[in-house]
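What follows is subunit A paired twice: with subunit B in the first complex and subunit C in the second.
Right, the complex of A and B next:
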């Protein structure tokens, strides 16, 4: 298939599946809490709606930085799709993309001048200190498989079996990272409802639409990375089933746990990352 | 000859005398990201922070003064360029120099702010950054002593890891963690982000995260577990 067509197709798939999974997650959470909840396609409808809404810009915003940051966030997640499902390239590159998206969260918040966005910005700095070590758990994969190339990791698993069973602590830590990026999670301090919508509060219309597309692609990519590097070669239906199962588990956790205080959230994630990295190294040495 | 680093093929090498830059898709992406953000910072205005005024219904606006703006923008651009350099350098000593420069300009970016809490935070971060420069350079020196080279490409071709290389790597990581103010040192740095000047704060955060990702790559190249 033509490379550009392949990229376009994968980005559209990532967006559509990501947005439907976020909708599914909200639906499951609502049912657990005894509410009817929004339709599963609500997140998709919201995203499309923002593209036909008027775009307003706060007079206090840092221009053109305020606009550019949403475009950058979108571009880096498209880059993640290219490096992931399209080319099965470097896992280290996805790690880099993940760290740069923290910059998006940070500066989408602070660039508007809103106190809510600023609070989200400071929380993004705190949460980066916790989430980056969690993502670093992927180093354990290198220690086990001997490569950071995704296609080589898939080949390794097709010969030696899923890494989920050989380095389970690393898989759990990565799942905690996925949990922290989900909406309404106990670790979602950058978008806590105590600060309205966090870093998205002051982005309207088209800009908000781009932020929501990025959010959907990010969710899809995190699930894709988990399934690919811990379970191995999967068919398209198996990927879909895996993503639905992971989203359902996340929805159950989020429905029954309150959001944590930022300090507690960070300390818990850092502690889990430490246990994950140290425990996995000990398991590898035994 | 096809050279690969951690499974990624090298796209190109730029030799500038003793200084060698190399690029894989990973390095190239981070280099491009650092330059793109630096460009946006260079052309952006700062935001105006709006806060509720105590004892009345009015708002209080906090702006960045023009003189302060010029000074901080200059340092932010230097920080962006140093970060971009740290992403592609193929030399451990150059990498440590870039990291040191990032630490110094990070303090400078908030040093011009007239807010006591922010200055206190910058002072504490400055102390940690200064202390961290010792393990940073000692780590690089030990790696040189153990391998006979500071070229990452040359170390990549080595097939062994000695305990001294491992010890040097641990010191290098501690040095980078202190210089960039990441966990467990992030508490000293987070307060710095309360100040206005969003584009300049971006580069402080961006440089820390990108350098940490790069140092992980370097440490994986030095320490081969198989």
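Right, the complex of A and C next:
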């Protein structure tokens, strides 16, 4: 297949599946909490709605950065799709993209000039200090498989079995990272409702639409990375089933846990990352 | 199944959900009714799940086409307004699964 067509196809799939999974997650959370909940496609309809709404720009916004940051967040997640499902390239690149995404969250908040956005911007720096070490558990994969190339990791697992069973602590830590990025998560301090919508508060219309598309693609990509590097070669329906299962587990956790205080959230994530990395290294040495 | 077929299935699901949502808001006026089972929705759900799960039994149309139509019909019921379409979806799935298990065993 033509590369550009393949990229386009995968980006649309990532967006649609990501947005449906976020909708599913909200629905499950609502049912657990005894609420009817929104339809599963509510997040998709919500995203599309913003593209036909008026785009207003706050007077306090730092132009053109305020606009550019939304495009940047969108582009980096498209780059993640290209590096991931399309080319099965380097895991390091996805790690870099994730780190840039944290900077994007930070800058989206600060560029708006809103106090809620700025508060979210500070929390993005806090949470980066915790989430980046969590993502770093992927280094354990290098120690085990001897490669950071996604296609080589898939090949390794097709020979030696899923890494989920050989380095379970690393998988759990990566799951905590996925949990951190989910909506209404105990670790979702950058978008806590105490600061309205965090860094998204002052982005309206088209800009908000782009932020929501990025959010959906990011969710798909994190689940894709987890399934690919810890479970191994999967067919497309198996990916879908795996993503639904992970989203359901996350929904159960989020439905019964309140958002943590930012300091507690970061300390818990850092502690888990430390346990994950140190524990995995010990397990590898035994 | 390649990526393009996969995308067609997803689009079919999305379109089915949107149509189901719009139609259900027109058809049902009560805000949240969980007890009733709508016969038409039940029939649509059963046909949909049969097409999705037992597409190999339908030989006169290509499998990808029957699955696409099936997903659309399943989403039509699953995507209805909150409180509607749940029992219909579960019953449709169970019936289709029973038929699938039957074909596997036979």
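Note that in this section the second predicted complex is superposed on the first by the 286 of 286 C-alpha atoms of A that agree within 3 Å, B and C clash if a C-alpha of one lies under 4 Å from a C-alpha of the other, contacts with A are read in each partner's own complex, and residues count from 1 in each chain.
Everything below uses one rule, namely that a residue touches a chain if its C-beta (ideal position, glycine included) is under 8 Å from a C-beta of that chain, and two chains touch if they have at least 3 such contacts.
The structure presented is a predicted model; accordingly, all values stated were derived computationally and were not measured.
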Touching partner for A:72 - first (subunit B), second (subunit C), both, neither: first
Contacts of A:255 with subunit B and subunit C, given as first, second, both or neither: neither
Which of subunit B and subunit C A:20 touches, first, second, both or neither: second
Which superposed partner A:100 touches (first subunit B, second subunit C, both, neither): first
First, second, both or neither for A:237, with subunit B first and subunit C second: second
Partner touching more residues of subunit A, whether subunit B or subunit C: B
Touching partner for A:41 - first (subunit B), second (subunit C), both, neither: second
Contacts of A:12 with subunit B and subunit C, given as first, second, both or neither: second
Shared subunit A contacts, counted only where both subunit B and subunit C touch the same residue: none
Complex interface listing, subunit C residues touching subunit A: 1, 3-4, 6-7, 10-11, 13-14, 17-18, 21, 32, 78-83
Touch list for subunit A against partner subunit C, complex: 1, 6, 9-10, 12-13, 16-17, 20, 36-41, 44-45, 235-237
Of all residues in subunit B, those that touch subunit A in their complex: 6-8, 24-26, 29-30, 33, 36-37, 40-41, 43-52, 61, 182-184, 186, 189-190, 193-194, 196, 198-199, 201-202, 205-206, 209-210, 212-213, 216-217, 220, 225-226
Residue numbers on subunit A that touch subunit B, as the complex places them: 59-66, 68-69, 72, 76, 79, 83, 89-90, 92-93, 95-97, 99-100, 102-103, 106-107, 110-115, 118, 121-122, 125-126, 128-130, 132-133, 136, 139, 142-143, 146-149, 152, 270
